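Chain naming follows the written order as A, B, C and D, and within any one chain the residues start at number 1.
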Amino acid sequence: MGCVRLVNPVTLPTIISWLTYSSLLSMMALGVTLLYRTTKVANFAHASLVTSGAYVAYSVVVVLHPNPYVGVPLAFALVGGLGLLLFYGVLEPMRRRHSSTVMLMIATLAFDIVLFGVLNILADYLASAYFVPSRNILLSASDFTFLGQPGIFFVAVGVLSLCSVVLYFLLNFTTLGIALRASMENSSLAQAIGVNVTLMLAISWFAAGGLAGVSGALLPMWTLVNPNTGTVLLASMFCASIVGGLDEIYGAVLGGFLLGFVDVVGTSVLASNVGAWIAFYEPAVPLVVLCATLILAPRGLAGFLARRRK
Amino acid sequence: MALGQVILFIVDLLALFSIYLIINLGLNLQQGITGIPNFGLVLAVAGGAYITASLSTRLAIYLLNVHTNLDPIINNVSVLQLVNPILRSSPWLSTGLLALFLIIGGASGALMGLISSAPAVRLREDYLAITLLAFGEILNVVGTGYDPLIGGPPGTSLPDIFGWAGQYRFYWATLIMFLVAVIIFVYIERLVRTPFGRVLRAIRDNENTARSLGKDITRYRMSSILIGSILCGIAGALWALYSGAVTPSYDRFDYTFLPWLMILLGGIGSNIGTVVGTLVFVTLDELIDYFKYAFAPFLPFNVVWLNYLLLGLLTIFILIYRPEGIVREKWTSVPAAPPPAGEAKPG
Amino acid sequence: MSSILKPSVIAIIIIALLVGVGIGYVVVPAPAPPKTTLPSTIPIGVMVTLTGSFSSYGARAEAAAKVANTQINNYVKSLGIPTTFNFLYEDTETSPPSVALTDLQTLYTQGVKVVVGGMTSGEMAAIDSFADTNHIVVIDGTSTAGRASVAPPGDYEFRDLPAGGAEGAALTAAIMSKGYKNVAMITASDTYTLSIRQAFKNAWLAAGGNLVADVNYSYPATTDFTVQLNTLQAAVAPLMAQNKSVAIFANMWEDVATMLAQAKSSNSPLLSLTWFGNDNFAQDNTIISNAGAAVVNQVKLVSVVFAAPLTPTHAELNTAVNASIGQVPDIYACATYDAAWIAALSILTAGQYNGTLIKTAVPTIAGQYYGATGNTALNSLGDRNTMDMDYWAVVSGTWQEVATYSSIDQSVTWLMAV
Amino acid sequence: MATMLSVKEVAASFGKLRALDGVTLSVGEGSVTLLIGPNGSGKTTLVNVITGFQRPDGGHVFYGEREITGWSPQRVYRVGITRTFQVPSLFGKLTTIQNLLVADKTNPGESFLKSHIRRLWINHERETVEKASRILQTLGLAEQSDKPVSVLSGGQMKLTELGRALMSDAKLYLLDEPISGVNPTLALEIFARIVSLRKQFGVTFLIIEHRLDIALKYVDYVNVMASGKLIAAGTPTQVVSDSKVIEAYLAR
């Protein structure tokens, strides 16, 4: 490390993996922020919702051996359903009893624990019934390549853009979206003007669950997945969501890409110039970014930019 | 022999109860009394455990002036073979060290509380919750990566300050932990009855009004987090000393989720509730653990997943059907507005 | 006042009941009359990791232990000894707080005096004091860090696999014999892999090798290996430019597949090099299916494994485990299986279920026993003597044995060109 | 008579909405001054600015001679200005008397460290309790003393808040709608008490209130605000006959 010349590891592959990783992360964070905006709840269950997505998609692969991407829509539907289950089965009864936000969060935590148990049971079942590895899933071998780049890159970026665009139009150009936004801004007022707030919340929980499911379903195309993966990623999701700013849905995407950048590109640069040992602390990167953000822009990037625009 | 097993069952139960009681009192002070949702408890517990473990052997060498050129962390076991005989021979010396280590544990906990809450204490409740959760497990990264702390993944052992009790080591250790827990309970119970405690509860009930009455919200929240974190740190140190070793594996489930579940069960806001909740939970958990072999044959899946399913569902059940827990907060006869159905009986 | 008293009283009653039930349960199956020296059922604890990132290893170990349990009971019956062994399984990850200690305590309350399992040395260290205090014999089916960081010699802990040291020497010998002077190493941050790293580093540097990169990554938190790939590339690039020979040592777990896949998708130059591997993933077919045969063929993944001779016992175990979970038992599963047998035989030899006696029996039994991992003779520390090693590599899409290593003269014999 | 509180050209806004548009008014020492105006005319905002709950965009606030513009709520409270809130804002899980005790300014037991040494604060605490009970006496809340406030009636809650304000021994009280949602008889009672308190302790009151029928009977000075401006001020009789005021109210 004597030489002054900076090693520049930022090559096309690095950019590609940054964009892929960030897209997946953003999809998860998008759900977290959406739920926060609608229900004012930080959804801890997002961890296992993501993992469920992966296992739904994988089960499809195991049973029918199709192209690994076939399971993605199913993951969206089923995990969206899990979101609804969490909402109608747990949160809604509590809301009717005016439970506090914190209690709702605990409920999501509890739901996460249950789901975690179920996923492990599923994993055991897959292993014993189909004789397949179910605790170290990686499907990237059966991924396609396009222009010499892995398919997951195009799919991840594509799906994220699609979701964002759809969400954008949904929120801004449909009566449903306007109702949804109304219930975000001021639920009691929305109630008063005849918006079915509960329905709106349910929709957002389905959407967020679906997003988690899709990101999870794409995960095995990129990295090794086991029942813990979601839990490992949870801190990153939350960081992305806060860094982006909880007050603006698209903050999540912003946060996801910033986090991904610092994580992949930033750490690479540091590791290859300062020393390899830095690479080890990669998991701490999101927290560092989070700290920095909270100190510089307590309302997150989006809030920060918004204030700038004024 | 069977009797011996019963005693052991109860002793183990008591040990877990004491540890969790300390942690839960800390959590109840923050969430139940002051209204700070600390989802990063594990940080303070791990801080207490890791830092105490890291310093304990070094301090022991220094204080007992054991002369060795072995590294207290890397050649941990060999070094302890020099230290432990000395401790075994003198209960009082051991107890002195214990006290010192507990102080270190508390201080470490406080440090962690400070670090995690400093950027967040001014944030809104929800931001605070998420941030603290995100911070929770960072110490494991450090503990794994930075060997001088606790020797990386293999972890490190601590001087056996209960060694003097010989084969009754774990009975004595449990007794001492229990005493510490009792002392802390009495302390907190008194603290929340002082004007100081009253202000904390006022802030919880209505932050703005409290501010309009000249209370420095940030300072009170901070001190509440600090006290809570100190307790968690002490608990971490105690458990490390009890089990004799630590590894960088303190996780969200054991040291954040379970404490929340326990204070929920007992009734958030009441210290007696915290005791009851902890006792009931730990007993249940130990019994599940004990009986699982009995009904393992009847389960279509591996019995170890049962804990997760049962604990998760239990929590959800409590949250939906008895959110106020077993014991309601003492100072009130009816829950704060609006009362859940069939609850509004004053007196 | 009443509003607190009533519920707490109720609570106390609940607890009283629960404890009562607990006691009842403990008291009822109070073990057999004191006449027969061995109780009619002998509980043996099996501590394995069923949750978390090592769960796939834990699952195989559990399966192997189950096989051992049946075999042992048949054996005992055939001898006409009026006793049966009952294996109680504990996941070292679940019960709170996740220190193996609480699991050992649970087992102890079940009357367990002998525990076998596959535990990290962290977990071993955590239970050392309790095991010694209560005379519980622990025979561990894995061996990781050197004894110095686990438990003093003469304690109640035995390990029927050698410490990582041997593996480091074997890898060094192989890499050297292939004419490499430069190695870039990447290591997962868990006890076992780190101990291999240390062992390899010592052996490699002692043999005059040059370690151009020593990258640690946090395991299992690392899901994206771009950073690690970049760091390794930056390290080997200069050498490759001067076309000096350099090899990669992937000191990882199954996630080596992820790294390979990501290296492939980014057409990393590292794939043009020969990769060496440890025994964590040697012979693991999921690597090939996960990363894709093409890329694994390319880097060969020459990996070292403890030579577990394919004895009839071993073959039998393979078929049994395969039948139950569709996987071939890895070396740790085999070692757990052997540990179970050593435990049972030691108990039978001791003639009564008494930790102290059993502890004295274990070394002799282990010395005589020849099981799925060969002869399990232990050294003075209570660890397995060094074993011979095999090298396996991926050749044309399958794992094949490519060389052998003799622990006596540290020599490598290549069976096929790699 | 000397001015207790004077507000000069104070402006404040929420985003684009201009809530206060250069308000200037003063409150005479020992007076019971009423602040009225249609909804959204900025009354509460003015109180928030005075008590430091909102930073003004411009203008000055004087307490006696002292400028207190932009002080923190704590400081404002300690200097001797106490406010109440429009919506009942009691400490829901505390008893009535505890609600009053919290308002005490100088209780050493409220510092974390001192709270450990009982004798450092117990005497002060006793005195405070006596004082609180006395106030509850005068407000006719003696029975409710040890009941959690959540069982009190709306009127009793209002009284408790008044009582809590009185605990502070402030010179100036800013009461935000003290009788909203209170039955007429009790409302009259509350105002009667306010006036008698003024006589007893010579303290000053600035009261926001809509129910002029009652309020005007008791106050000796009235400020009228409309859309962020002060449009009229004077004695009750002057104000009710003021054309601008009538028009401002009728405009709604």
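Note that a residue touches a chain if its C-beta (ideal position, glycine included) is under 8 Å from a C-beta of that chain, and two chains touch if they have at least 3 such contacts.
Predicted model, so just to flag it, every value in this text is computed and none were measured.
Identification of common neighbours of subunit A and subunit B yields C. With steps allowed only between chains in touch, the distance from subunit C over to subunit D comes to 2. Each of B-C and B-D has its own count of C-beta contacts, and the greater count is at B-C. Taking the CA centroid of subunit D as reference, the farthest chain centroid is that of C. Between subunit A and subunit D, the centres computed from C-alpha atoms are 48 Å apart. Centroids built from CA atoms put subunit C at 31 Å from subunit B. The mean-CA centres of subunit B and subunit D are about 44 angstrom from one another, to the nearest whole unit.
In this assembly, the C-alpha centroid of subunit A lies 34 Å from the C-alpha centroid of subunit C.
In subunit B, the residues touching two or more other chains are 141, 145, 253, 302, 307-308, 333. Multi-chain contact residues of subunit A (touching two or more other chains) are listed as 120, 124, 277, 280-281, 283.
Chain pairs that touch, as defined above: A-B, A-C, B-C, B-D. Within the complex, the subunit B residues that touch subunit C are 1-3, 5-6, 8-10, 12-13, 16, 19, 74-78, 81, 141, 144-145, 151-157, 160, 166-167, 169-170, 239, 243-247, 249-251, 253-255, 258, 267, 270, 272, 276, 279-280, 283-287, 289-291, 293-294, 302-304, 307-308, 326-328, 330, 333.
Interface residues of subunit A facing subunit B in the complex, by the touch rule stated above, are 36, 40-42, 44, 90, 93-94, 97-99, 101-103, 105-107, 109-118, 120-121, 124-125, 231, 234-235, 238-239, 241-242, 246, 277, 280-281, 283-284, 286-287, 290-291, 294-295, 298.
Listing the residues of subunit B that touch subunit A in their complex gives 31, 37, 39, 119-120, 122-123, 125-127, 129-131, 133-138, 141-142, 145, 252-253, 257, 260-261, 264, 301-302, 305-309, 311-313, 315-316, 319-320, 323, 338, 340-341. Here subunit D touches subunit B in the complex through residues 51, 53, 73-74, 77-78, 82-83, 85, 89-95, 98, 101-105, 107, 109-112, 115-116, 121, 125, 147-148, 150-151, 164, 168, going by the rule given at the top. Taken together, the subunit C residues at the contact with subunit B in this complex read 3-4, 7-8, 10-12, 14-15, 18-19, 21-23, 25-27, 30-31, 50-51, 88-89, 91, 94-99, 101-102, 105-106, 108-111, 120-123, 125-126, 128-130, 133-134, 144-145, 147-152, 189-191, 194-195, 216, 218, 221.
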